[in-house]
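Note that the chains take the letters A, B, C and D in the order they are written out, and that residue 1 is the start of every chain.
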Amino acid sequence: MRQLFALFLCLMATALFAQAPHPHVHDRSIHFPDVNGYRSLVCDFHQHTVFSDGSVFPDIRVQEALRDSLDAISLTEHLEYQPHKEDIPHPDRNRSNAIAEQAAKPYNLIVINGSEITREMPPGHNNALFLSDANKLLKDDPLEAFKEAQRQGAFVFWNHPNWVAQTKDGIAKLTDMHRQLIANKQLHGIEVVNETTYSDEALQIALDNGLTLMGTSDIHGLIDWTYKIPEGGHRPVTLVFAKERTADAIKEALFERRTAVWHNNTLIAREREMMPLLAACIKVEKASYIGPSSVCEVLLRNESDAEFLLFSTSEYTLHEHADMVVLNPNGTTKIQVKTKEQLPVFNLSFDVLNCVTAPKKHPQLQLSVRL
Amino acid sequence: MRQLFALFLCLMATALFAQAPHPHVHDRSIHFPDVNGYRSLVCDFHQHTVFSDGSVFPDIRVQEALRDSLDAISLTEHLEYQPHKEDIPHPDRNRSNAIAEQAAKPYNLIVINGSEITREMPPGHNNALFLSDANKLLKDDPLEAFKEAQRQGAFVFWNHPNWVAQTKDGIAKLTDMHRQLIANKQLHGIEVVNETTYSDEALQIALDNGLTLMGTSDIHGLIDWTYKIPEGGHRPVTLVFAKERTADAIKEALFERRTAVWHNNTLIAREREMMPLLAACIKVEKASYIGPSSVCEVLLRNESDAEFLLFSTSEYTLHEHADMVVLNPNGTTKIQVKTKEQLPVFNLSFDVLNCVTAPKKHPQLQLSVRL
Amino acid sequence: MRQLFALFLCLMATALFAQAPHPHVHDRSIHFPDVNGYRSLVCDFHQHTVFSDGSVFPDIRVQEALRDSLDAISLTEHLEYQPHKEDIPHPDRNRSNAIAEQAAKPYNLIVINGSEITREMPPGHNNALFLSDANKLLKDDPLEAFKEAQRQGAFVFWNHPNWVAQTKDGIAKLTDMHRQLIANKQLHGIEVVNETTYSDEALQIALDNGLTLMGTSDIHGLIDWTYKIPEGGHRPVTLVFAKERTADAIKEALFERRTAVWHNNTLIAREREMMPLLAACIKVEKASYIGPSSVCEVLLRNESDAEFLLFSTSEYTLHEHADMVVLNPNGTTKIQVKTKEQLPVFNLSFDVLNCVTAPKKHPQLQLSVRL
Amino acid sequence: MRQLFALFLCLMATALFAQAPHPHVHDRSIHFPDVNGYRSLVCDFHQHTVFSDGSVFPDIRVQEALRDSLDAISLTEHLEYQPHKEDIPHPDRNRSNAIAEQAAKPYNLIVINGSEITREMPPGHNNALFLSDANKLLKDDPLEAFKEAQRQGAFVFWNHPNWVAQTKDGIAKLTDMHRQLIANKQLHGIEVVNETTYSDEALQIALDNGLTLMGTSDIHGLIDWTYKIPEGGHRPVTLVFAKERTADAIKEALFERRTAVWHNNTLIAREREMMPLLAACIKVEKASYIGPSSVCEVLLRNESDAEFLLFSTSEYTLHEHADMVVLNPNGTTKIQVKTKEQLPVFNLSFDVLNCVTAPKKHPQLQLSVRL
């Protein structure tokens, strides 16, 4: 009997493989270019399965990740909230990631052991990554859980500080307990994006307190449905700028705050990470004056999934656009610049309005055009 | 804490509801017209969850069904095959459908308690529907399981008789044990379609032995992926022609063999069900001669999801097509018929090649066109 | 023979009619809502056919206009430039519009007799609309042509003042001759948009000199190709806010400067026209607080073809967006506003970045949300 | 002035070129593979412009052809029917093709001088291709026109013998005059497809009388609209199997009847041309048995634009399909064959129902599968 099922599974795997090269499978992959010296790893470190209050077995999370071309995931089950406990009484809080790791192995997807410390406010919900044993975080006193995480060398971030179930007005606010945890180096990051939400206030807290910027799906159901993948949507992810594609390198990058968050066509990052990321994404592909005129046709290449919303702040007016230029994702967009005379080199500048480096602050893109 | 989560779930439900009327959600719904006197109920009676060897919790199966506009489902976990037992040791074999029923209640989706009797050949795998207690089918002797199903008044059908793991050549073959079960009225139906497969031989067995025709997804992973929903695919379903939209009426229809199977743009049914179904699907919407000519423009309305592949066997030649006419699903297709003189009424006939009433046998569609 | 061809044409017309209600035909229609008291008429007053240097007969221009749901067109052949003269020596400069008017009659499309006075700079190219006889504008002295147009009561606008063939740097500049023509009330409008180009400088000239804002396709080839209709593009048009759907009302509106220009997802208008247009386009459809929270879900309805690029300047932060909110055309977009406490009414404000009321100036949208 | 316009045209050409490599442009290209020893040239030899009763200038026909990837066209203006004569009185009946040739030169598109002899029945309308001087065909007696065409070495084919304006019942019928013309070698081909129509009877006439099979658009308006290009439609074309890509080679092939017609997803050809064409289009890409089973997975590669409708007549039943297998255009389709035991080689056979070699006759595709 077992053999028959093994055969069956093997046949199913064959069938899956045969379907793999389908064009649609590739379309949903999340892609941003590497940034000088660093790999831009696409990561989702807040996910749930049947092992806490999610609706899928861990293997589905692995397959979703592969379809989205993620580099790393963590299944962060609620340590203290186990609504399926009657059906799934498994006592080992590492179990979910252990199953995922097994499923991920053939595909070289990185699975990082993590768990969600699930408490009332403060400290609310917090994810601890890179745990050696999640079970040891099951403590009555939440502060003990943070201490144990620290003992295991975990990277810990505050989840959905804007969650209306814990913060009625949806406004993230730092508490004394959070301040204490930060001071103790027991809290290192904060979600500026959780599921479909973004928080300007969380971003400010991160900037004020040196916290790593995190964005996660917090998926409970299916990625395809929650983020409307067939309609072109994408899950929120954390881009981690790591020295190499390993769990260790991700950990180093997280502690060093080298991240950006990609959410609903918005990029959120510190200026330090944002500027090289934009430089890697947007390039002058080609430029030439139209005949004897002093109107210069410039092709801008966008090497990323972002549809950049550029607001021109150049000294030159454009020949086809007013102020807004929209750069197609993974494509080339043509603009025409009226430089008044033919120049060997000139500068363009834009506010990148779908990118955020601080509340109400948008990076300025400078492009040097050489003929 | 619990209250907070209740609020959270409530908010999530709100969010889901807000997304409900999206056009894409409706596109995937499976639709066939009612057939004179009967409701055409769309059913999938072979599905798995984490409670046997599937990868999702039962609530996802309910949501998939709602997105596909199904009328009824059954989660037919393997009675004897429980690969997740270490994690999900729940002893009650009715548990999966109980959870689904709870999840389905607000949506009026019918959940029928069923289980898969999972044995080596013979008798292979068989699904028993309308069980009062699946646990009682856990017997060493497979024949005892069938007897218990009969005691509970179950409708039982043979799963994937073409399964290569049990029938190396993929050719369905009736065994003495199956003959005995049929004779004992312990086996009532047979899958002519399972997952992505169809079996001409199973269809012949059904016709020879008076078995109900069944088609099921046998889904283990996600419906959206296995059946490529975003690319226009659909899961296989059994259309049950029932007197009303109730579990009892479905049961009556299944025992009376009033079904058709819808698989990969193919309809499989006995002639008795096929002919009224086609008549309900395809109608002459409008007909008029073009000016003074004797070329008649006929609009054919297709009230179903099937893209009908019609091969003309009419006495008249067509003005735009050779022999093949493809009828768009849920749309109108124009043909022009050369009747040689203007007639008050004439007949068209087509072999419907994507419909099967017996191996190599296709129904003939007769349409009377009145001017 | 002639009869046969008449029949043929009649049959072709039937065929065209049968295709008319196809969904794709409607998609490309250009639609903006009426603005309080005025009809928002969609007009393209700069087009060419084989009667000057275009590549189609006038009937195609009529059919393109019908497919785009235009209300009014003018075929403005070059008076002095007739490159097809060898083949089409027709001496009557009204001929093109006369043919179009005939073709447009069954469809209630308004055809306005117009011509392009085609000269070197100054005065460059200028379109005269509402001519009684275009032939009389054929004068050696360009100023005489303007005088004759005035005599006929024409509305005259300066074409592509940014055209690199006449203005090497693409920068529109008013000449003394233009100043004179404006002073003489012989020049009334200016193209801020021509074909694929937009001119900030032309907009400034319009504002400084009280000229009507015009946007035109200046089409020579096919609308479908130049503006990539199948990919979702649209031709530039002038929205004319007219008291009724008649040529006279359009004329009155043009002289009164009641226009907006719609080009490549950009709206250009004076503040006087822009503000009521935006108010007609964007409405609060529904608003409600999420559960007991103070996060208010607001549905914004966009009743237009524009994809509005909104930059939030509200005092409240948003729960899902950073600053940019993109409103889908002809659809509803959800935003969530964090008002800190549940309010009976509150205000939202946005800079509408794809709308321009002066160079570098964007209208501010104020929305009052009532619960 | 002229210089300015020259510059203008030059700039426009630049703009057009810049748009050329757009993905959508390539999608509509009509493609069939070369057939052993011959180039499969895509040709449309029946088109109209403003020089007879069409609605575009010849340059548009050239651009349409380039977008459709045609190899050769002919603009076959009505010799005797000139409804635009008032506007376009040009006396030279070669004029239209002369303009087209000029426009086509940079693109290497072949333009063949041709004209439509436009008469009542008999002989109806007939196209003469490869004319040295179309004017000489303007004769009172239609038979004299055919004689002159013969004198010029023209290839002549009968247009739309099924045209209801000349044949009220749409049924093509050979007349004595046609028989005479054929006997005199003055008529060599016949349209089995014209615009949106197909004629079984014309096909029979061709087969009975050794006429070349022709399919043409007979376009008067725009190819994009009549054939719904954005929705995936295509114009009817004649595939000419020529020794090389030259006008001479096309002429030789036409006289030798080496053609196929591609219309509305239907291929029409003599068996002599059909069989090698199918062999070039459809290939076994890969085959392997599924594990230890005797079910063989076969990938069928379709190297053409046709969506082939295959009706299985193999001795083996299929594991996923009933009898109909639809082969995606320019793609790969998987079938699974139940060969009962693992074979080193086996044969598949299908009736290709969207291909026609004679009325009601469809080619049989034989595929040898080697493991």
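Worth pointing out:
Rule of thumb we're sticking to: contacts are C-beta pairs under 8 Å (C-beta built on N, C-alpha and C of every residue); 3 or more make two chains touch, one makes a residue touch a chain.
Since we're looking at a predicted model, the values are computed, not measured.
A comparison of the A-C and C-D interfaces places the larger number of contacting C-beta pairs at A-C. Rotation angle for the C-alpha superposition of subunit B on subunit C: 180 degrees, rounded in steps of 5.
Centroid to centroid, with C-alpha atoms defining each point, subunit B and subunit C lie 52 Å apart. Averaging C-alpha coordinates per chain places the centre of subunit C 40 Å away from that of subunit D. Counting partner chains per residue, subunit B shows two or more touched chains at residues 7, 11, 164, 196, 290-292.
Contact residues of subunit B toward subunit A in the complex are 1, 4-5, 7-8, 11-12, 15, 22, 24, 50-51, 53-57, 59-60, 63, 81, 83-84, 86-90, 95, 99, 120, 163-166, 196, 220-222, 224-225, 228-231.
Only residues 162, 164, 168-171, 196-201, 264-266, 268, 290-295, 309, 311, 317-324, 326, 336, 338-341, 353-354, 356, 359-360, 362 of subunit D touch subunit B when the two sit together in their complex.
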